[in-house]
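Multiple structures follow.
Shared between the two complexes below is subunit A, which has subunit B as its partner in the first and subunit C in the second.
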Partner chain A sequence: MDAHLWISGVVYGLSMGSIFFLLAAGLSLCFGLMRIISLDQLLYYSLGAYVAYQVNVSTGLTWPAMLCGALAAGALSWVVERWVFDRIYAREITFTMITSFGILVAGVGAIKYVWGLVPRPMGIPVEAQVALLGVNVPVYRIIVIGIAGAVYGAIQWLLNRTIVGTAIRAAVEDVDQVEGLGVDVYRLFTGTFVGAGVLSGLAGALHGPLVMVDPQMGLEVVPFVFMVVIIGGLGSLKGTLVSAFLVGQVVSLGSLVYAPLAQMAPFAAMLLILLWKPTGLYGSALLRR
Partner chain B sequence: MSRRLRWWAGILIPFGVLAVARWVLPLPFLVEVLIFSVYTMACNFLLGRVGFISFGQPAYLAAGAYGTAFYLYYFGRDPLLGILVGLASGWLFSAVVGLVFVRLRSDYFALVNLALAVIVYHLMQKVLAPITKGDNGLWFLDRMTSTPVLDLTRPDGFVWFAWLVAVAVWALYKALDDTVFGACCLATKTNEDKVKFLGYHDFKIRWTAFVLANTTAALAGSLYGVYFGFVSPEMASAARAADPVVVTILGGTGTLYGPLVGALAYVGMKDLVSGVVGNWEFFVGLLLVVIMLAGERGIWGTLEPWLRRRWAWRRPAPALQE
Partner chain C sequence: MSHPDGALVVEGLHVGYGEAQVLFDVHLAVPRGRLAACVGRNGAGKTTLLRTIAGFLRPRAGSVRYGSVDLVGRKPYEVARMGIRYVQQDKRVFADLTVRENLRLASYATGDWDWDVVFKYFPRLKGLLDRKGGYLSGGERQMLMIGRALLGRPKVLLIDEPTEGLAPAVVEQLGRVFEELKGQATLLMVEQNLPLVGRVADVVYAVKEGRVVAEITDPDAIRSGAVEAYL
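Here is the complex of A and B:
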């Protein structure tokens, strides 16, 4: 097969993996710290895309529009955290999953009500192409990959170099102990949840120009994000990064080999990995509760 | 004798009321409630008895529906046989999938099932499009031959068939509660390690329960297929993945009549709300959140203790109550 096709396929897979990583990182962090499965992150993803689209259409700005999308998503996640999650942190995981699924469904309904059912095209910030090994690659995709890398670095820095990050890492191991040391863990929870919401919104805003913005976009990406989280192991940031790029490549290169494979191959990969390691690549048995 | 009578009365009274309602309620509404209650019963068993929560029920619904549809579209004409084929395909599908899924922890289980539903959706919509006709779906309403006694091709006959199926499913699940297997299911939900310690094969129990429940879901899919005479990938859509879970919780998780009450309330609400505003997803999601925050007992779970107290002063309560 044509080598050029493969190179652009790899870049496409990397940019897709970046979007998956931004979405899955928040989910994974929420699970690790609060032991919740927050399906409503996919609502913030859709909202981020829609707000970015709306700002883009009404002002013509592109990068600021994306920032608005991420901030709007963060604001909504803050409201949801205060009203809903604050009351159910102590409940078991499946309980939070059902509740957050309710939020997701309600939110998608609201988005349909406001913006209608028709998919909307969104303007791309950088239309330039750059030659990479003799293949023209859209610069925007490379920027997306760069942003994901920067976010990974920033989260790692936050977790490993700051006092807040130390508290978060300690709380992942034992919440009660950290609370006993006088740390207000609920503030940590709120911060992590809103951070995850901002990342999800950013993922949606960045993904908007690459696909059409439509009400089902959150639900469409659900299986891929969960594949990423499951393959990587719930609660592991490194695992999430590795599996995000893995799934991105499987989707992208798989579709080069045989088009319908794009939807099926990640699922097959996930089954194989789960058969081999039931808690994912980097998921530890420690996180059981 | 009287004990057996009382056992059956528990099922026949509510379903008798539904049968009488046949002359009051519109027919499509009743059929929808009956099929949906069977669909929900499967989820109720998984959630309330085995402790499995699955967001992938549409996958099993579609497995049954497509089994029936393939048979009726390509091979035969007999709707009864079609339902049997659907049942068999649902059994086969869940038996194979169950081997992998049952080993997973509950949170992974729910998410993997959701992924499965989306995969089945894409499979039916794109990958197998030459056989499934993609989004256009398979139409086989005029291919079905009428059956003796109850004519399944006519809604008038079908409603009684669906009624019989629902009663049979209820009897099965009620009987299951009294068996050792039923007790084992409940035990795996409560304490898995103890079940192993007592010498029961933990995997076998969960696998059997998984296959049983998802075959029931496939049965509901077959019924939908025969009733509409049409099957499309929309059946496996992830947008509907929450429905059975919502209805189970709405009715009251783990109670015998929860699925029936929930299905009645849900289908009724859907018809009413979509008639007024059209955007019923929003209300379903909101309702789910409200019920969860209000204590997750659901309609029947709240009603039952009250009814039991009203009942108690006239008749002594049965000796063995849970």
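Here is the complex of A and C:
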């Protein structure tokens, strides 16, 4: 196969993996800290895309529109955390998962009500292309990859270099112990949930120009995000990054080999990895509820 | 009933998990600056008692008071911020955090960044600051857990089975620490090591099947291990 096609496919896969990472990182952190499966993150992803689209259409500005999308998603996630999750953290994980799925479905309904069923095209902020090993690659995709890398670095810095991050890492191990030291873990929960919402919104806003903004876009990425979180290992940020890029490449390169592989190959990869490491690539068997 | 300031008083406490009741009408009082020990067999409800006082469990009935303040209904972090610290059993330190990070976290929560008090009782920890909790011995973990609880000048220490599985030399060291801490804080300790209890306790509560079956305050009876008759 043409090497140029492969290079283009790798960049495409990395940018897709970056979107998956931004989306799955919040989900993974929420599970690690609060032991909830927050499917409503996919609503914040959709909302981020729609708000970015709307602001972009109204103002003609794309980057500020994306920022607005991320912030709007964060604001909605704050409301949901305060009004819903704060009351059900102690319930079974299946209860929180079903609740979050209900929020997602209701939210998608609201999006359809406001913006309609027709997919909307969103302007791309940078249309230039750059030559990479003789292949023209869209600069915007490289920027998306760079943003994902910067977000990963920022989260690692937060977790490893700040006292709040230390508290989060400790609470991932044992929430009771952290609370017993006098730390208000519920504020940590809120902060983490809203942070996850902002990341999901950012993922949607960044993805908007690469796909059509669509009411179903959140539901369509559910299987991929699940795969990323499970392959990486529940609660592991590093695992989420590696897994996101892996799934992105499997989808992208798989489609170059044989188009239907784009949908099927990630599931096969997940099965093989789970057979080899049942906790995922970087998951800990010690994580307990 | 009135109690002097600083006393930890439990009255008529009923606690359960779901439909299973674990504690039945528990009463106890630990005067300020004294050490009370709860002894009893596994499953008697001793840990449930400490977890209830620390705010992790909400009682079905009864009260837990520190001085004039009712602790029931407060969240664990609020209880901890009042100076009532719970040292859990099983030597649960944060395995992925270094000793320094463990102490920083306790300092962050209490606002007390002076670790001299920790190193005064446990000088060994000073040389282990960069070691992760997961690589500490059982004794070192226990020192770290008690050390963390000492930051912020605690008023009450709730300590759950501190000597379980530890070498005699470490038990001896912890015994000395507990004797020194008496007078500075009120201590309520769950402990199965009766010789240690005989050495450090001012009052002993024997707990059996969720009930306090004996309160022993006679120092000679405590020292002689008379509590064993109630287990």
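Note that the second predicted complex is superposed on the first by the 289 of 289 C-alpha atoms of A that agree within 3 Å, B and C clash if a C-alpha of one lies under 4 Å from a C-alpha of the other, contacts with A are read in each partner's own complex, and residues count from 1 in each chain.
Here, a residue touches a chain if its C-beta (ideal position, glycine included) is under 8 Å from a C-beta of that chain, and two chains touch if they have at least 3 such contacts.
From a predicted model like this one, the values you see are computed outputs, not experimental measurements.
With the C-alpha superposition on subunit A as described, subunit C and subunit B fit side by side in the combined arrangement.
Of the two partner chains, subunit C is the only one that A:163 touches; subunit B does not reach it.
Look at A:180: by the touch rule set out above, it reaches subunit C but stays clear of subunit B. Looking at the shared chain after the overlay, A:93 reaches subunit B, while subunit C stays out of its contact range.
In the superposed model, A:134 makes contact with neither subunit B nor subunit C. Using the contact criterion defined above for the overlaid structures, shared-chain residue A:37 touches subunit B, although it does not reach subunit C.
Greater residue coverage of subunit A by touch, when subunit B is weighed against subunit C, goes to B. Of the two partner chains, subunit B is the only one touched by A:223; subunit C is not. Centres of mass aside, this uses C-alpha centres: at subunit A, the angle toward subunit B and subunit C in the superposed model is 90 degrees, to the nearest 10. Taking all C-alpha atoms of subunit B against all those of subunit C in the superposed arrangement, the shortest distance found is 14 Å. Overlaid on A, the two complexes show subunit B and subunit C touching no common residue of subunit A. Per the touch definition, subunit A reaches subunit C in the complex via residues 163, 166-167, 169-170, 173-174, 176-186, 286. Interface of subunit C with subunit A (complex): residues 54, 56, 75-77, 80-81, 85-86, 88, 92-97, 101-102, 104-106, 108-110, 148, 152.
Those residues of subunit A lying in contact with subunit B across their complex are 37, 84, 87-88, 93-95, 97-99, 101-110, 112-113, 216, 219-220, 222-223, 226-227, 229-230, 234, 260, 263-264, 267, 270-271, 274-275, 278-279, 288. Residues 53, 55, 100, 103-108, 110-112, 114-116, 118-119, 122-123, 126-127, 238-239, 242, 245-246, 249, 279-289, 292-293, 296 of subunit B touch subunit A in their complex.
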